[in-house]
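Please find the structures below.
What follows is a pair of complexes built around subunit A, which joins subunit B in one and subunit C in the other.
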Partner chain A sequence: MLNSILYDCIYHSAPIILCVLGGCFAYKANVLNIALEGMMLNGAFVSVLTYFLTGNMLITVVLTLLSALIYGFVFSYFGITLKGNVIVIGLALNMVALAIAGFVLVLMDSANIIIQNFDLNALKIHIPLIENIPVIGHMISGHPIITYLSFVMIFLMYILMYKTKFGVYVRVVGENEEAAKSIGIKTSFYKYAAVLIGAIGCALAGMNLSLERLGLFTNNMTASRGFIAIAAIYCGQGKPVQSAIYAILFGLARSLSVNLSIFAGNAAGLFDCIPYLVMMVVLSMASYIKHKPIKERGYKVNE
Partner chain B sequence: MNMIQTIDLTKRFGDFTANDHISLVVKEQEIKCIVGENGAGKSTLMNMLYGLLEPTEGKILIREKEVNLKSPTDAIANGIGMVHQHFMLVPSLTVFENILLGAEIKKHKCLIDEKTEIAKVQELIAQYHFELNPMDKIEDISVGSRQRVEILKMLYRNVDILILDEPTAVLTPQEVDELMVSLKNLKKQGKTIVVITHKLREVMELSDSVTVIKHGKVIGNMETKDTNEQELAQMMVGRNVILTVSNNNMVDEQAEIIYKADHISTANIFGKKVVDNMSFCVRKGEILGIAGVEGNGQSELVKIMSGLMETTEGTISFHGENITNIWPKEIRNKGIGIIPEDRYAQGLCKEMSLGDNIIAGYHSRKDVCRRGILQRKAINSKRDKGIKDFDIRVGDMNGTVAALSGGNAQKIIVSRELTANPDMLIACQPTRGVDIGSIEAIHKHLLEYAKKGNAVVLISSELSEIMSLSDRVIVMCKGKITGEIEPRDTNMMKVGLLMAGIHEEEKNE
Partner chain C sequence: MKKLLAIVMSISLSAVMLVGCGGQASNAGGATEDSAKGNASDAKIAVVCDAAGQNDNGYNQSAAKGAELCAEKYGIETKVVEPTQSIGDTLSQLAEDGYNLIFSMEYDFDALINGEAGGKPIAEMYPDTTFVVFNATPNVDEAGKTIHDNVISVLYNVNESSYLAGALSVLANENQDVLFGDAYKLTKPDTARGLGFIGGSDSDGITVFSVGFIEGAQKMAGELGVNYDFYAKYDAGFSDSATGSTVAGTYYDQGANVVYACAGAVGDGVTSKAKEVGKLAIQVDANKDDQQPGFVLTSVIKNTEVVVQSMTEALTDGKLGDFDRITTYDLGSGSTTITDLATISQHIEQTDAAKTKWQEIKDKVAQLQSDISDGKIKVTNTQNGDTFDPSTCPNISIK
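Coming up: the complex of A and B.
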């Protein structure tokens, strides 16, 4: 029981972490990317569909990333170049992703795309030695590659955001665009880049969610993970490590809901709302704690 | 050598001519002040010199060579650096990161070499004798320090011409003095400095030559030593102005106390006491000044008084009634008018019409709102009356506040608060960033209002404003009252000491 809760925690955290890490850059660049959900769904859909049609993993990865970049470019073009409202554009992209997948499913006359004879176990990596440690071994060994990648990315994204020129510029653009312009930083370039990093993160998250873990796609299988990621980004104020910790918290909530529902009998469905309830409670608590010592009326933290 | 020369420089925005054939010369190693009222076209001129705007006509010569500045990068390459009125700094980054922004030093090809950067900035700070710690975050340092960071940012880029846009607008008196010393030092080290300002005292103290601009035209070019404040003011405004309106009202010392703060305290986000056990009272017909170096709790005190912040201890009473921690709307209903510290953040809504702004805060009163519906006609007549009575210069009666200059926008607030006829007025920085003509008008309104037997609490970082208008002044330092003075028979020296928190032991305490 404990073993499977811990294993599932890692398992469910991975896609949210990837989404969060990508979204952090957009958040720091002051372009709120609420299309994370759609981009993730698109990643899940394109990866399974391509593999279903070609059976070639390399083509699948390339096409999935390409399609994510298209979403990223569309979002950036409308939101940054044309200065549209990013919320509306993001919502539209979320719906487009859902609609395209739905349309193709109807054409295929099927409720989902299932890849036949897909060996899921072959994708799992068993780490020698660590595998044999009790509890922990079972928890961290035996995941597919993108899951491991997601945890490594927390560290890499931290370096990228705080130790490189690129990261500094992204934060400068988000915090004081005029300052960035006054010293000749091309602000649009950094905003585009921040959104595209988010798109890649979401594509990986989608691929992990559908192809790598299940070998199947059903529409709306992302189940609002993109929005949970946005909540995690907010709670962690866009800092990669802190936000990722919130992502893991939500992963744990989902793992609990999955594992506990076994005992719930008829009420099992109710347990599905645990991650969403946790999200609401965490968001309110984070906001309450931030505002509690403030005597000033109507004061906004971080704005 | 002429460092900068403009020949018939003109900038038009549509039909509006912001700069009309401006010709001026800035010589090597001089401090040039460019003065003019708000909206006279000073900033447009500077933005052309810094490559932010392209001239419609005319030439710019740098070191006697014609240049075509297309962007700030071009300007910097030509040795021109600009320190903007609103700093171009990133609050969450450190001092050294801000100075080297855009010119980072790298190691291993992609990572930033922080050690070398800090050493470089340390060197720069020492070279120009500035007081700064390169490791501090911008959000933690004072406004004066931020300005020094901004200047260093330019110096690091090897500019020899520095343009400063209203550099003293946000500084405390002490910081102004420090800035002047720094600028004079820079001049000695071979830099040429152009300062845009409308504070004439600073012009006289700082500059070698002055150019006066009015309505986009050069009105006069002269050596500072050949002119005086009065003459400059007259040129700027186009008529004689009284530079200091003084208070000749006599206050009855036995007059009724209408407002009383009793041991009030409050804390900031970090739990630090920013207003600490303050007690004071205000009498009818009196102007009570609250002086102090900015950032010593005045903002928080005003926020408490105007209902934007809650107290942790203490009570406030008005006409004997306890009004502690009530909301701004109720405060206005009790008969207290509020001129807030930041007119665009708390006093006006820039994107809304003049009429809407002139009833803001009073919009649920019966004269403009019946059964929840705003009475447009009543609002418009109120607006017209306010504009007439307070001499507010507006282009379009139905336009928005965003189209008004700072002085006229401030007059909208003054007219709104005074026409509601309150018993007391809280006036916080009523003339900050306001042109000389409007300062004179606002001061007169405040005095006239007090003369009618109403009370005024005046909070300002302009010491001269406090000293000339108030009947009684309390001085704040670190959230505490450090002393109370009679402005008519106190010298500035004593006030300065109190502002720094040094006070002689009172005998009766």
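Coming up: the complex of A and C.
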């Protein structure tokens, strides 16, 4: 029981973590990417469709990442170059991803794309030695590669954001674009890069969710995970590690709601609420703490 | 001024688009008046799909296929619509265009029966058009009287077909040693016996499946004197296939060997999980046995094609009035049943013992089927207001 709760926690966390990590950069660069959901769905769709048609994993990965970059470029072009409203553009992309997938499914005259003769178990990596450790072994071992990648990426993204020139510039652009421009930083370039990193993260998330875990695509299968990721980014204020922890919290809650339904039936669905409650508390606390010093100063001045 | 102009233009543009979306042919008006008699020459039928669309491999697609066959057979005009506007607007526009038999697959009856936004009910506005709705009986008032004479409600006794699925699950599980080979990793009955059910929403339309399934399992478990655990989740939604997969995974982990999914695309995740862990799943709506060949035990079919065909035939013969205003399609009608098990049959062991056993099981299921049709077995139908009493199923412990 504990074993499967922990395993499923990792299972459900991975796609959200990948979205979160991608979205963090865009958040820090002050172009909130609300299209995470659409980009993830696109990743899920293109990966399964390509594998269904070609049966070649390399082509699948390349095409999936390429299609994600196209979404990223469209978002960036309209949002950054043409200075459109990023929320509206993001919403549009979310709808486009859903519509394209729906359209192709109609053309294929099918409700889903299922890859026959696809062995999901072959994609799972069993880590020698570690898999023999009780509890932890079952939790860590036996996941597909992108799931491991998602956890490794937490640290890579942390380093990229805080320990490299690139990361500093992205944050500067987000905090004060005029100042960044005045010292000669090409702000558009860094914004584009931030969005494209997000697109890649989402593509991997979609691929993990559909191809690696299920070997099939059904429309709208991302089921709002992209929006959960946005919430996690806000809670973690765009910091990769903190945001990823919120993503894992969502994963854990989903895992509890799934696993405890054996004992609690429908009531287990209440676990799905926990992350939202935590989020509300965190966001209101964060907002309270942020504004507190200003109030105090105002109070003193008035006195 | 410019702004005002822009607003006016965009409003008119969207109005044009909305009208365009209906995609109806022009000659409305006159056609409706004389179409009521339903002669073959002027019969026009329409199928309005629900949100799943006509490529859903099931419910809608089957109805669309029925319409297509009717077009060939009777040479009548048919139309399959995926509504882009409200269901009420779609229905009234089709009626206005002279379609005299309209099948509405959507689970939304307000505009048709009661009228929307203070308007008259569509059924009342077009008394010469016959509307067919599915899976509910919205067309009766509190006293049980029919409200509109031109609305037919179609119900499926999916509880009966689910009963067969439940019985089959237990029989397959108890005989797993003989039937299933190395490709499967089924939990042995002496370790644990379990069945799982995943539903999209906690409503009568879904529990009608699970209750039939439980009763069917009880029938066999009772005869064999064994006890089963029953795991169920009724809030899985209809789109999140990944969650469906993990929920099924927990049931399989607990020792369930068969999980029955009535939750749209969520069920696709369940069959994927069945293959991953080497166990069995049951699908619904259409024959989806070849989704993961060998790992889908059977599918509970809800066939809309037969309904569309038989009602269209009645329309061309002018006998549409003969249908009850609430028409129930049960096992005997062939509109709801389980599949012929052809796909799974290819995956059971090819030994003589297995073949004999499998034939025995199929005969048993066929026997149950005829018992239900003859009324010897009564299956609880929550959709018709029956309530399910778990104490009638002592061999199934519902978790």
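As a working rule, the second predicted complex is superposed on the first by the 261 of 303 C-alpha atoms of A that agree within 3 Å, B and C clash if a C-alpha of one lies under 4 Å from a C-alpha of the other, contacts with A are read in each partner's own complex, and residues count from 1 in each chain.
The rule is simple: contacts are C-beta pairs under 8 Å (C-beta built on N, C-alpha and C of every residue); 3 or more make two chains touch, one makes a residue touch a chain.
Just so it is clear, the model here is predicted, and its values are computed rather than measured.
Enquirer: For A:K163, is the partner it touches subunit B (first), subunit C (second), both, or none of the two (neither)?
Expert: A:K163 contacts subunit B only, not subunit C.
Enquirer: Compare subunit B and subunit C by how many residues of subunit A each one touches, and report the one with more.
Expert: C
Enquirer: Taking the superposition as given, does A:K83 touch the first partner, subunit B, the second, subunit C, both, or neither?
Expert: It touches nothing on subunit B or subunit C.
Enquirer: Going by the contact rule set out at the top, does A:I185 touch subunit B (first), subunit C (second), both, or neither?
Expert: The first partner, subunit B, only.
Enquirer: Is A:T218 touching anything from subunit B or subunit C once the two structures are fitted on A? First, second, both or neither.
Expert: A:T218 contacts subunit C only, not subunit B.
Enquirer: Please report the subunit A residues shared by its interface with subunit B and its interface with subunit C.
Expert: In subunit A, nothing is touched by subunit B and also by subunit C.
Enquirer: Residues of subunit A touching subunit C in their complex?
Expert: Subunit A residues touching subunit C: 4, 8, 11-12, 102, 105-106, 108-112, 114, 116, 120-121, 209-210, 213-216, 218-221, 223, 254-255, 258-259, 261-263, 265-266, 268-269.
Enquirer: Residue numbers of subunit C touching subunit A in their complex, please.
Expert: Touching subunit A from subunit C are residues 52-58, 202, 231-235, 237, 239-243, 245-247, 249-251, 253-254, 265, 268-269, 272-273, 275-276, 291-293, 399.
Enquirer: What part of subunit A is in contact with subunit B in the complex they form?
Expert: 159, 163-165, 168, 171-172, 175-176, 178-179, 181-185, 293-298
Enquirer: Mind pulling up the subunit B residues that touch subunit A in the complex?
Expert: Per the stated touch rule, the residues are 71-73, 82, 84, 86-93, 97, 101-102, 104, 106, 110-112, 153, 266-271, 303, 307-312, 327.
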